[in-house]
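Order of writing sets the labels: A, B, C and D. Residues in every chain begin at 1.
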Amino acid sequence: MDTLVDIVLLAFLAVSAIAILRLRDLFAMAMMFGLFSLISAGLFTTMDAPDVAFTEAAVGAGISTILILATLAQTARREQSPARRRVLVPLAVVWITGAVLIYGTADLPGVGDPAAPAHNHVAPHYLQESSREIGIPNVVASVLASYRGFDTLGEVVVVFAAVVGVVALIGLRRRPPGVVEGPAALSEHDVLKVIAKLVVPTILLFALYVQFHGEYSPGGGFQAGVIFAAAIILYALVFGLDAARGVIPPKLLNVMPATGALIYGGVGLVTMLLGGNYLEYDRLAADPQAGQHLGILLVEIGVGVTVSSVMLLIYFSFAERGRGKLRDDGEAGP
Amino acid sequence: MIAAAILAILVTMVLAVIRALLGRTVYDRILAVNVFGTKTVLLIAALAFWSGRPDILDIALAYALINFIGVVAVLRFFEYGAAEGDEVQGK
Amino acid sequence: MSFLAHFNYYVAIILAMIGFYTMISRTNLVKKVAGLNIFQVSVFILFISLGVLDGGTVPILTETHTLYSNPLPHVLILTAIVVGVATTAVALALAVRIREAYGTVEEEQIQAKDDQP
Amino acid sequence: MSALLIDLLSWVLIVVGGAFGVIGGIGLLRLPDFFSRIHAASLTESMCAPCIIAGLMLQSGMTLVTVKLVFLVIFLFLTSPTAAHVLAKAAIHGGLDPGALRDADAERRG
């Protein structure tokens, strides 16, 4: 049954990827893109990777699709046919590259082969020693936050750098006073408003559960941060940008990405001051396992703060820019 | 027996994907993607029981949330009467 | 048997090539970003496939299971997804700026405007 | 005895839910215009999901899993009809005519 689900989902993926390639209506393409992400997240679930599926569902199907839609609202809704069609050269390049890669798979071990090199180096150590050294059941969380903690710090800094890039490019412009918000498309959907009021707090609560239960079930700072941001984005979609920006004071939101990264890095410095190595959580408490718990908790909070505020800042930048469009030329944009 | 449920869900997903590809109007596509999303939620719930690891039910919950937000986002940015070309009139 | 054992790799490569083709043959910048994302997902699938273990289960330790899939690719891909969306956001922000500066996001028209003295 | 009964009931619910799902899918694919499709999709949808999830609940008994399933079904029950409602409203605003099919039918019959 697992194989069947696997094959059907992979076939769906290929079909929707071809649809993304062929659709000229970019709104339809964005929808197929959301579908593509949903399917791939389902695939990760069948391949025993719930943490990855969680992240892909929240990030790929949620945030990426919303960002593509927001961009389309500010650029063009249809793809134009180019004057001369480039087909032959790209096709040749793609077929040759694909053939070489397929040839390369001949040497790869089969999927699920226990003798594969990937299963015989560090992975057994993580799986066997994690419960003794770290003391939490979710091995993905223990590898993420403890064994490879320094690597994850790097990822958090990359996410921080990305938001600096986005804000530098399309920044948070101050709106001139007296400009009112453009017509909100969803303002007359009363049913949606009521349901959104019920749903948004539930999502926020769920985000907290994901954040703090990540040691025992799929979840953690990355997923929780994205879900938290998604709840506020839903609020912004239904009640307008100004209402959503009132939820978190802009000054606080602007310092949150850096704060999260600093919490993460600060934990490392504290462990050094306590006489250990960088991010060696054992030193944080008398009992090494308690120290690991505390360290992972703090680090995941740092990740959650950074990721949620970064996603929100990116969305607000796009939406604010789109509103500027509406005022300038009244043409595109919500 | 859960296998039967998984099969039924997969069949429904195939039908929804075909509708999403055929489209006609943008709204048909949104509808098909929405149906596909709820079916994925059910598929994950069923798979959780099939594999005996109910931990992964959390993912089904996250899915349901994101699916809803996705539909609202599409409508928000699509606005009213904004379709160009043949997409809306096609019947 | 060998075909089924390698099936995931083949689909990952097909997806990568569809994404690659979208990037080099289409001129619309937003579509190129979508192609880049397809390519990215194909790499994710390849990595997660490498972590699957026959008879293994979700890498959350319990008393009833002894075989677990490899957690390392999960960690790498989990962070890669979040970094991926951050870079996608930068690319889309660039597209928005290009549209403001050139009035279009089609590569050919941008080139044509650049070529004008 | 009661264990067998609960098992039986759960299977019946799951099969009925699956059947509703497939019927909704066929309707989504085969019906002639958007408003009849949304009817098929959302009506059967709100039968399919609760049936299957109720079946799974009976399988899991009184555990944390059931609590999660309850949340799931409440959430789906709130959002799924809302999405359908918003979609239909947006389609009407977007210029789709709910009566188009009936008018065409009347015209054909003369």
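FYI, contacts are C-beta pairs under 8 Å (C-beta built on N, C-alpha and C of every residue); 3 or more make two chains touch, one makes a residue touch a chain.
Quick caveat: nothing in here was measured; it's all calculated off a predicted structure.
Enquirer: Taking mean CA positions as centres, which chain lies farthest from chain A?
Expert: Comparing chain centres, D lies farthest from chain A.
Enquirer: Tell me the chain pair with the top count of C-beta pairs in contact.
Expert: By number of C-beta pairs in contact, the leading chain pair is A-C.
Enquirer: Please report how many Å separate the Cα centroid of chain C from that of chain D, as a whole number.
Expert: The separation of the two C-alpha centroids amounts to 32 Å.
Enquirer: From the C-alpha centre of chain B to that of chain C, how far is it in Å?
Expert: 21
Enquirer: What whole-Å value do you get for the distance between chain A and chain C if each is reduced to the mean of its CA atoms?
Expert: About 13 Å separates the centre of chain A from that of chain C.
Enquirer: Two or more other chains in contact with one residue: find those residues in chain D.
Expert: Chain D, residues with two or more chain partners: 75, 79, 82, 86.
Enquirer: Residues of chain C that contact two or more other chains, please.
Expert: 57-58, 60
Enquirer: Give me the residue numbers in chain B that touch at least two other chains, ranges are fine.
Expert: 13-14, 30, 51, 55-56, 58, 61, 65, 67-68, 72, 75, 78, 80, 82-83
Enquirer: How do the chains pair up in terms of touching? List each pair.
Expert: In this structure, the chains touch in these pairs: A-B, A-C, A-D, B-C, B-D.
Enquirer: Any idea which chain D residues touch chain B in the complex?
Expert: 11, 14-15, 17-19, 21-22, 24-26, 28-29, 33-34, 37-38, 41, 45, 48-49, 52-53, 55-56, 59-60, 63, 65, 68-69, 71-72, 75-76, 79-80, 82-84, 86-87, 90-91, 93-96, 100
Enquirer: Would you tell me which residues of chain C are touching chain B in their complex?
Expert: 57-58, 60
Enquirer: Can you tell me which positions in chain B touch chain A when the two form their complex?
Expert: Listed in rising order, the residues are 3, 6, 10, 13-14, 17, 20-21, 23, 26, 29-30, 33, 36-37, 40, 43-44, 47, 50-51, 55-56, 58-59, 61-63, 65-70, 72-80, 82-85, 87.
Enquirer: Which residues of chain B touch chain D once you look at their complex with the stated criterion?
Expert: On the chain B side, the touching residues are 1-2, 4-5, 7-9, 11-16, 18-19, 24-25, 27-28, 30-32, 34-35, 38-39, 41-42, 45-46, 49, 54, 57-58, 60-61, 64-65, 67-68, 71-72, 75, 78, 80-83, 88, 91.
Enquirer: In their shared complex, at which residues does chain D touch chain A?
Expert: 75, 78-79, 82, 85-86, 89
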